[in-house]
Each structure stands twice: as structure tokens, then as C-alpha cells.
Amino acid sequence: MNNKKTKKVFVQGAISPEKIADSIASHQSKTEIGAHSIFLGQVRADLVDGKTVKAIDYSAYEEMAEKEIHKIREAAFSKFELTCAHIYHSLGKVSTGQVCLFIFTSSPHRKGANDACQNILEAVKTSVPIFGKELFEDESYQWKKNEDIVRNRT
Amino acid sequence: MNNKKTKKVFVQGAISPEKIADSIASHQSKTEIGAHSIFLGQVRADLVDGKTVKAIDYSAYEEMAEKEIHKIREAAFSKFELTCAHIYHSLGKVSTGQVCLFIFTSSPHRKGANDACQNILEAVKTSVPIFGKELFEDESYQWKKNEDIVRNRT
Amino acid sequence: MEIKVKYFGSIAEETGKAEETISLQNGISEVQEFIAFIFKKYGLSDEGTVQIAVNQVIQSEGRIQYGDEVAFLPPYAGG
Amino acid sequence: MEIKVKYFGSIAEETGKAEETISLQNGISEVQEFIAFIFKKYGLSDEGTVQIAVNQVIQSEGRIQYGDEVAFLPPYAGG
């Protein structure tokens, strides 16, 4: 029951441009907003040892991830001048070129929206238990690591 | 003929969420991109001396504005790791809650996209000849000023 | 010598026009002199915040030449 | 005492399961001891990058109690 106030974070598969457009449209009634900052993570066709990534298969410790993202949002609201903040991440397979992360912050002024967006992005990368399997064209794979975190621990 | 290589910047009226979605979708074939940063300026219902802004009527010295934005893009490409950069601004009347500025930067990594987006935003505010008339509910108006600039000059 | 002059925003409102062609007399060909000439002609206010672009480049000194395009720009408001 | 254990990502792959219930014997109730027990049980590699969450909070020390949910988390890859 601890989760009842957390917002829905996970989306099955890629995040569509239409979902992003709908989110933008739904903020047009909030006329105290002057600035939106959006970050999109897109799956990159990295070349690893001669093989090209064709998709990432995401999984997560969902209950903990939702709690962590709830904490990240609360911290952003306390630190920045912020009207709204939304965070979505994909689960399952996301092909190269598709969007897997959508962070959307809104504020009366640009500083609040921009600073909050970047702050949330760094926190999502370092403190949310999301895991990713990089699938190569030849059906082999490797587990993705956000390098910052590994470095921080060692 | 100096303008022939500059990209189209100005949009008549508000920038629609669909235009933003189309821009995002058109980058899904660029699989070297890992990060998109988007800034949206939205017209705010500011309260000035008891009157509420209901729209901004934008005009510009278009030829010069396009050249300035071309320079801003070139500078961003030379300063940051950047795959794409798009900048759109409204002309004419944009109602409160609607989007008047759309900056869209893409990079293999988040730092390039985020830094370029913020850099372009500051440059657009301070060096592009765009003018705005804030229209109030009672048909009166005032000329908008980006305060930073006025302050820098005095 | 003929100069194409453009006015924007609140300045266009004050001059009552978006552009005009002005024939310069002897002795008014420095940028600062030309600004003073236009300000006096239209009784413009707020000189501290106006910027001048000569051929689409911001300029506060130098000479104005035949065929130049001179624009009077109030404070920017983009974004 | 029964502990609910969850495995994620590369660790789930190594253990061959996403979760299980483990009955702890006397003497294995400290977090570090429990980690060592699971690593030995499954011959897990890469201890340096694994994080443990007890009841969804990252923890590297303290006691594990009856009914706790203990998760083994490989490096994060969100974004």
C-alpha cells in the first residue's frame, strides 16, 4: 500500500512521439507555465566488438524503481521552482532509434524546468533499479551498465 | 542570397504538439543519437497591474533573425557534441498555454544535447530580434522585454 | 544618398511605419548622428534600450553608406 | 526464518530464477553473510558491482529479519 501515491512510471515497449505530444498538449491549460524541458533517451546503435546493438530489452525491480522515482520527484519539487514533473521509462524490448526514457518538467521560468530536468535525469541513471540487455544483430547480447555508477562504487 | 542556407525558423501562430511529435519521429532513423533535449517556451498568463496576459503577438526582423539563429546553430555545432539542432519560433498571435518556442537538440550522449539546448536558449533570448506585444484581457497591451538584455545594456 | 530604414515593435508603433527610404543630407552619415536624426524626427523615447542594426548586424558606431539597410530594434522578447 | 529473495538482470540469468524463498539457518542473518551465502550458492561473479536492497532500500550492512524482501541488483542501465 506504500505505492498508492506513486505515479505510473513504466511503459511497455517504446515511448511513442504521440504520447509525448499528448503530454505536451495536456499542459496547455496550465497557464502559469512558461517553460517546459524535455529529455528523451533514445536507443543508440552502438558498435561493440564489431557487432551493432539493434535493441535493448529493459527490466526493472518495479516496486523499488517506482519508489525511487517518487523520491526523485519529491526532491526536485523541493529543490526547484517546478509546476509539473513526469518521468516515464520503457520495459521490454526497445529498438534502436526508439525512445526509452521521457522526462518532462515544467515551470514558470526556464531555470526551474531546465535544472530540474537535468537533476532528475542524473538521478534516474544512478539510483533507479532498471536493467538493460543490449541485443546485437546476431542474437548475442551483453548487459548494459551506466558507467558512472560502477565507477562511483569502485 | 545570403539566406539560402539558413533553415526555416518562423512558424505562423502557435507551435502544435503534433509538430513536436513529427520532429521527434523524424529522428528515429538517426540511430547514432542517444539523447534528445527539448525546450518549449509557453505563453504564460502573467498578471500585470491587475490585468492578465491572454496572448502574445510576436513579430521579428525576419532576415536578421534567421541569420542570427544560423550563427547560433553553427556555434553550437562547434562547441558541443551535436548530431542535430532545430529551432522554431512563432510569429503572430500565440495564446496563453500555447507553445511559441521549440528548441530541439540531439546528440549521442546527454551532455551534448543538454548543454547545446541551454546554450541555444540563452542565445535566442539575447541575440535574436524578435518582438512581442503582451495582449491583456481588456484589449490593452504592453511590449514584452527579455529583462536580461535590457540589464546587460545598462 | 538613400538609406532604407526599418522599424520594429514599439518603435514601429511610435514612428507609425514599418519602413521608409530616407535621403541623407551632408553631415549625417555617422551611425550615432543618424540615430539622433531619427529619434528627433519622430520624437522617439527610450533611447537607452534601442539597438541599431546596419545591414542586419548590430552596430553602435561607424558610417552609414548608400544602399545600407538600417533597422531600429527595441528590446528583444523571443522565447 | 523465511526470506523472500529477488534476482534481477544478469544476476537472475546466473541464478536461473527471478525469485525464491530461502529459509535461513542460525548464523546467517547479517546482510554481508547473506550476500556471501547466495554468491556461494550460485557461484555468482562480479561481487564488486552488485547492490543489495532490503525491503527496497539499498543496504550494505545491518540484519536481515523474518519476512524481509532481499533483492540482488546488478549495475543500473536506465535511460
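Letters A, B, C and D mark the chains as written, and numbering starts fresh at 1 in each.
In this text, a residue touches a chain if its C-beta (ideal position, glycine included) is under 8 Å from a C-beta of that chain, and two chains touch if they have at least 3 such contacts.
None of the values given here were measured: they were computed from a predicted structure.
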Farthest-lying chain, centroid of Cα atoms versus that of subunit B: D
Centre-to-centre distance between subunit D and subunit A (centres being mean Cα positions), rounded to whole Å: 26
Interchain centroid distance [CA atoms averaged], subunit C/subunit D, Å: 73
Centroid spacing, where centroids are CA-atom means, of subunit A and subunit C in whole angstrom: 49
Junction residues of subunit D, two or more chains touched: 79
Touching two or more other chains - residues of subunit B: 41, 110, 121
Every chain pair in contact, whichever chains are involved: A-B, A-D, B-C
List of subunit C residues in touch with subunit B within their complex: 6, 8-10, 48-49, 51, 53, 56, 71, 73-79
Complex interface listing, subunit A residues touching subunit B: 17-18, 20-22, 24-25, 27-45, 96-99, 106, 108, 110, 113-114, 118, 121
Subunit D-touching residues of subunit A, taken from the complex the two chains share: 41, 56, 58-61, 63-64, 67, 89, 100-101, 121, 124-133, 143-146, 149-150, 153-154
